[in-house]
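A single structure is presented below for examination.
By written order: A, B, C, D and E. Residues from 1 in each chain.
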Amino acid sequence: MEQLSVTLGSKAPCAGKPQDHGHTLPILHEIRHALERLIATGEETRIDLNAMPFGPGDLDRLRAWLGTGEVQASVSAMGLTLIQETAIPGVWLVDYQNADSQRLTLHIEIAPVPEILRPQPQDLAEAIATLDARMDEGQSNPPRPS
Amino acid sequence: MSGSMEFLLWTKGPMFDIALAIFAIGLFARLAEIFLLGRKPNYAEPRAGEWLPGLRTVFTRTIADPGTFQRASFNVVVGWVWHIGFLIALLLFVPHAELIKGLFGIAWPALPNPVVDLVTAITLIALVATLVHRLTHPVKQRISTIEDYLVWTVVFLVVLTGYLAYHRLVNPYPVALGMHILMAEILLIILPFTKLTHIFTTFIARWYNGAAFGRKGVQS
Amino acid sequence: MSELTLERGLAAFRAEIDAPTAAFFSSCVHCGICAQSCPFYLETGDPKYTPILKLEPLRLVWENEFTLWGKLKGLFGLQQKVTDEMLAEWEELLYDSCSMCGRCSLVCPVGNDLAYMIRKSREGMVQSGHAPEGLIAASVRAIQTGSPMGLQWKTLAVQIKHVEDSTGMEVPVDKAGVDYLVLLSSMEIINFPEYLEAIAKIFDHAGVTWTLSTQCFEATNAGIQIGNKDIAAQLVERVVAAAEKLKVANVISPECGHAYTAIRWEGPNLIGRPYPFRVFHIIEVLDELRAAGRIQTEGMESDRLSMHDPCNLARKSGVIQQQRNLMNLVADNFVELKEHGKFQWCCGAGGGVSSNERAEPLKLAAFKRKKAQIEEVAPERMVTMCATCRTQLEEGLEEFNMEIPVVGLTEMIADHLVEKEAREHE
Amino acid sequence: MSERLVVDPITRIEGHLRIEAQMDGANIAQAYSSGTSVRGVETILKGRDPRDAWAFAQRICGVCTLVHGIASVRSVEDALKIELPANAQLIRNLMIGAQYVHDHVMHFYHLHALDWVDVVSALSADPKATSALAQSISAWPKSSPGYFADTQKRIKTFVESGQLGIFANGYWGHPAYKLPPEANLMAVAHYLEALAWQRDAAKLHAIFGGKNPHPNFVVGGVACPIDLESDSAINAKRFAEIQNIIQSMQTFVDQVYVPDTLAIAGFYKDWGSRGEGLGNFLCYGDLPGSGFMDPATFLFPRGVILNRDLSTIHEVDLHDASQIQEFVAHSWYDYADGKARGLHPYDGETKLEYDARGGVKPPYAQLDVNDGYSWIKAPRWKGQAVEVGPLARVLLLYANGHAQTKELVEMTLSTLDLPVEALFSTLGRTAARTLETKVMVDAMQGWQDALIANIKAGDTRTFNDTLWDPSTWPSEARGAGYMEAPRGALGHWIVIKDGKIDNYQAVVPSTWNAGPRDPSDQAGAYEAALQDNHQLVDVKQPIEVLRTIHSFDPCIACAVHLSDPETGEQLRIKVT
Amino acid sequence: MPVRKTPDKTLGESLRDHGLSRRGFLKFCAATASMMALPPSMVPVIAAALDAARRPSVIWLSFQECTGCTESLTRSHAPTLEDLILNIISLDYHHTLQAAAGEAAEEARLQAMEDNKGEYLVIVDGSIPGPDSNPGFSTVAGQSNYDILMETVEHAAAVIAVGTCAAFGGLPQANPNPTGARSVMDLVKDKPVINVSGCPPIPMVITGVLTHYLTFGRLPELDAYHRPLAFFGQSIHDRCYRRPFYDRGLFAESFDDEGAKLGWCLYRLGCKGPSTYNACATMKWNDGTSWPIESGHPCLGCSEPSFWDAGGFYEPLSVPITATSGAILAAGALGAVVGGAATVLAKKETKTIVAHRQPVTVEELEDKL
């Protein structure tokens, strides 16, 4: 009956409501399953929100659902990458941006620590060499604390 | 012509024109065939006029009399269900209403899609039931011809392809929609040459029936 | 010497096809519901008795000759032709198993008037020489002797004598200018002579002037039953000639179903002109007299009575309420069959079936439908107003050992008339 | 006979343009402009639903991606007398404005700049000096030495990769390049910045039209509804985005585009006396202040200037059959009444005839300039060849006493220390483009404010549906839809019969400018400009030709008209 | 000028030369995965592949086009056009962007073909007048489009037809196709052809296909129209945020009615989303700003073959393309005449038969007894 009244043109209370686009809930379910996997097997999951058919406002609503957690971080490489923990521990929003601050893609990462925050093995392998180089440099030309 | 889109456009374009032309030519030929035959003058003193009883029968014959309903309830109910279902899907589904508006400029309100969807599902079930009935009931077995099965198949496929297209169960979609349109076109093409003509002539038949009975003082 | 051939039959089929026929065949969807209204199918269970199937020869001629599709098929040699063999096979379907009761015409969802087309089909059957012997014989007798049973005026004269003796009234014969010309059926004359007596009494009671005609006393029309307009027209012409000669304004058809439809509905079309008189069934006349207060009755039948509507009278001619009015005049304990009036079931004997000896078993089978109906209400007696129906009911009930007498409505009315003397005393 | 110079393809333009020049030593004596590709949009449009026409017409060009859509819907609205809701007109103004700013900046940096800027020279610039130069002309924040060093490194890495890509085979090191390495480096940095910036500018079209290139339009208004409460409409969030885009446009124009133009022009003052051309200028005018297409309310005025005479502005009437006519004396088309006659667009014909009208069978080295030599027609206003575009608009604004324009023109001339005559030149044309961008970007704020004021007053109408249904139309109607496209005066003429398009003709800016000679051998604007004082330093590297041609911002797909299918058939038969 | 040669650095090396850390590279790969519409789980595979990838030479040919496809490419934000032409590919020939003009431009093309024989990619935008058309309909440097195309693809590794014109013939091929325009696929039979349709295509689909080729050295999986499935695998309708309104039967009926404002389905306004396969609903346009349906306009169906001739843009998908009520009436009238004539003939014949009808006599009947 409600639907009928809507087709007759009356502005039904629910007609234009944003949650009617209905993309938030399935993603929340997906996150829940990913959390279960993380806890059970340690398997990490990344969800590319760019691939979601979001309607206007859907993303904002999803973020509101997820809330804001304690950790915020940014990685400065090829432009900024902004990391925000959500109110659900282990669920992260990772916003990859280019040098012009345009979003490249937006991931939800379900992991203890987002991948991009961790030092990469290749970089780690060069860590000591880098430190040595800096110490050598430092001895001849000591860095000034700014 | 290998692509799905080309197929869809063919069904929406040239094939639709062809189907419509054959349908219109066939149907009007059929109507001309009927009306030009005429009736002989009737000199018997009538008890009542013909027009009103004829018109009444056009409508009243839609409902079975209680005795027949009792004796052939399955036949009647299933027939009813799928006819009504088919009509609802045909006339009150938004895309169909738009098609009619596009062709004839007449518009009417349509039903919400979920309602039409449910109706279509019921129609499909009822159609299957009619087939089972035709295959198992002795009378229907005896009087059924190839044409009956052909017509059933076409009608069923029209509804089925529509259902599949709506639910996007066939991919790519242009193929699904094209199949539906093509089936509808086949239906249009065979309509004037098969028992499907009853969609139009049943009203004429009922009128003649009502008129003949009415003239003798019986409301048929 | 000409003879009845397939070619003549096909031409006859063809000549019968008109707009309603085309509309009907165009509309049939093979739903099979007509079978559910046919006592021959219902009681035998044989699907070949499905009414629409009986029309196949006519349908084929229509499709082949009158449809674009059929013509196209013809171009490719795909037409299915009507053959002698086919018509021979269909003879049973069109005559033995169809009483032309018209019930199917009333229930067909697309509105097909099947009985109308059965009647047309029989034209072709006769012309092609595929009519049953019994009906041919009846037709020949009707033309040659004036009665399908070969009855002659002298037999009727004996009956008249009896009536005059027992009632003391004069049975008017060949009286010009009277109110009504009364027609009879051979069956009544032989089986139910009390009918004539009843009429004499009632008309006397009501003060109606009437007459019989020596020129034509028979109202039945074998031509209609066999389905040939030439024979039928000749028989109708006899009635018309008699009525015209006696200058009567009204002709009364007897308690016989097909006689009434033949003379009432088909007659003018058979002779191709309107009548100079009106035609009534006796029941119509009686009810009119009743309504005018010209029939005074006394006493009531107190046993449980039920009534059988003859198809030709009720469903096919609209005489439905009249017999009920009359019943209520004389019956206390009248109970309707469940399906009655226009939806009544045929006794199984109409449409020439009763004149077709070989159809006897089918006729009896079809009667079972009536029997079941009667059993449902369990009356002590059945009332009807058609000699053929009455005969079939009596024979049928007897066959099934049901002790339910059958009476004619007219006689029953006659039995309850207030005595002339008594009336005069009031 | 002296040498024939051929430049084909002319790159960094839209479409396929060929220039042939008859050289008199190092001097161009006669120039010939040829459009070498044809599609047939006008023929394709015949018989279609006029409401659909904009989408077809829009695909005339993907660079000035908006203009043909607007001109097309306006032609239908003019034919059917559909009045636009004020909001729709303002939204269209904003979209036109965004198109100008986007298009002009991209033209300057990505299509035109490499005529003046030597990328290879930038490799030898001193980033610190570059920073100093940048900071001396603008407050633009991206001007640190480190920033320019990074840019330089990026270019260097790229060049060292051995794959020069789009920079391969440029006329690098050509003596006509006059900029010092630092100016070159700054310009290259801004080349890359502009690429990033333009993506933001294009978003305004996406907001109102769903995408860019090729945003959507609707006859009778705009497709995007306004509802501040709804997610799916133009709402407060969208207005904030629009405000940001306008802001970003303003900043870039003020701090990068205008200063760069002036800085680069300072090194090329000699181009203030070359490439003038016709001296006749035409504007249809555009950017109405209300829902009507009323020239009195236009930001850009309408009129014709003849022979540089700014004191007399001639009236223009698009419906007058004697004013605007197209000629095909040197084009690969046939007119039913012969090639000498001009046709008004309402009666326009586009019957394609390549072989019989002088087309040379490919592959060819040289066109037959005595016969047909272009797919572009030659439009004339009262028989006069005219130039359209930014220079024409700025001159009309100037002649009409538009205060901001006067101020900008005078500022430019005094900064460059050039006389007012320098406007009539290749340099003046390029400068005019920059100046009108400034005028436009400032006007956009006004339209945005007006739009918001309307909505606050309760008017959210964006679409007039009274004449949407074709059954409400007269059986015959015709109309002219016009606008000032970034490249100049644009007109679409439509004839509607029984709800279908009976004839459709577009006379576009590049037709006016790039068209060939007419029956009386009057040269088109490009041709006339190239014939004005062009000495080539190196005939093998004709950078001078590119500079003048690019100053018009050619758009050749726009300019080329279409064909008659039957003729196409005949041609095919002849060929095979 | 530096001598042109095949690149000796892989993408990984080249990025590291730019001072890119491993994290940055990882991010690059995440963005690349997203761009190629691959799931994030593919990032490690992509990282390994990209590390070793080399910039392919790309020759971009423009024929009967409007430059909308190039314009669209410049709107790509992931990667940006700058990144694309500086890091991912070597765009060696492109009319609208290249510095060189005239002979020098043509030399650049021939040089790239020579240097990268068998390995370069050809991108085409715009349709091509076919070999049966007049070659003069479209020429560059005096050479017909057809000749240039065939000459250039001869030693190409693959051909990418960008935009609906190149992919399917597009606008020039729209009825009546005045110039005999053909699609690339129609003309190039002996090379892999990948179609990136759309008018214009979504820029990230162009870059996504290029990146896929760069990453994996092969073309992505294609649909029946040679379109990359990753982007064209699902219809607009299936991924449209307004789909729930379609399912519930809530439709906008005018452009600024209540339904339009509430974002109801645009089916009745002619939306071709149900039959259109493209990624607009997820990738959106202009850095995720909007897309046609979100901005209130029905989908034109621009990524499908023959979309220009697929019925009016404002006619619902279910409305046939050409038939009109007038045509139906005409066919009906014709039918009435045909049927009438047939029946009149049949009736006439019947009349003759009736006139010669032999009445049945008693004698005839008696014979039967």
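What we mean here is this: contacts are C-beta pairs under 8 Å (C-beta built on N, C-alpha and C of every residue); 3 or more make two chains touch, one makes a residue touch a chain.
Here the structure is a predicted model, which means the values were calculated and not measured.
Novice: What's the farthest chain from chain E if centres are computed as the mean of the Cα atoms?
Specialist: Relative to chain E, the chain with the farthest C-alpha centre is C.
Novice: Can you tell me which chain lies farthest from chain A, using the average of the Cα atoms as each chain's centre?
Specialist: Comparing chain centres, C lies farthest from chain A.
Novice: Looking only at C-beta pair counts, which chain-chain interface has the most contacts?
Specialist: Counting C-beta pairs in contact for each chain pair, the top pair is D-E.
Novice: CA centre of chain A versus CA centre of chain B: separation in Å?
Specialist: 56
Novice: Quick check: how many Å separate the C-alpha centres of chain A and chain E?
Specialist: Each chain reduced to its C-alpha mean, chain A and chain E end up 33 Å apart.
Novice: Once you find the CA centre of chain C and the CA centre of chain E, what distance in Å lies between them?
Specialist: It comes to 76 Å between the two C-alpha centres.
Novice: With chain centres taken as the means of their Cα atoms, state the distance from chain B to chain E in Å.
Specialist: Each chain reduced to its C-alpha mean, chain B and chain E end up 39 Å apart.
Novice: Residues touching two or more other chains, restricted to chain C: which are they?
Specialist: Residues 17, 66, 68.
Novice: Identify all positions of chain D at which a residue touches two or more other chains, and write them in rising order.
Specialist: 196, 199, 230-232
Novice: Which positions in chain E touch two or more other chains at once?
Specialist: Residue numbers touching two or more other chains: 77, 80, 242, 248-250, 261-263, 287, 294, 338-339, 342-343.
Novice: For a test of understanding, state which residues of chain B touch chain E in their complex under the given definition.
Specialist: By the definition above, chain B touches chain E via 2-6, 8-9, 12-14, 16-17, 20-21, 23-33, 36-37, 94-96, 98-99, 101-105, 110-115, 168, 172-174, 177, 192.
Novice: If you look only at chain C, which of its residues touch chain E in the complex?
Specialist: Touching chain E: residues 1-4, 8, 11-12, 14-15, 17, 65-66, 68, 71, 126-127, 129, 131, 133, 136-137, 139-140, 143-144, 228, 230-231 of chain C.
Novice: Within their complex, state which residues of chain D touch chain E.
Specialist: 6-16, 18, 36-41, 43-44, 48-49, 51-52, 55-56, 59-63, 65, 106, 110-111, 114, 119-120, 153-154, 157-172, 192, 195-196, 198-200, 202-203, 205-216, 218, 220-227, 230-233, 241, 332, 352, 354-355, 359-365, 460-463, 465, 468, 540-542, 546, 557, 562-565, 568, 571-572, 574-576
Novice: Within their complex, state which residues of chain B touch chain C.
Specialist: 26, 29-30, 33-45, 47, 57-58, 61-62, 64-65, 67-68, 71-72, 75-76, 79, 137-145, 148, 192-193, 195, 197-198, 201-202, 204-210, 212-213, 216-220
Novice: What residues of chain E sit close enough to touch chain C in their complex?
Specialist: Touch list, chain E to chain C: 338-339, 342-343, 346, 349-350, 353-354, 356-369.
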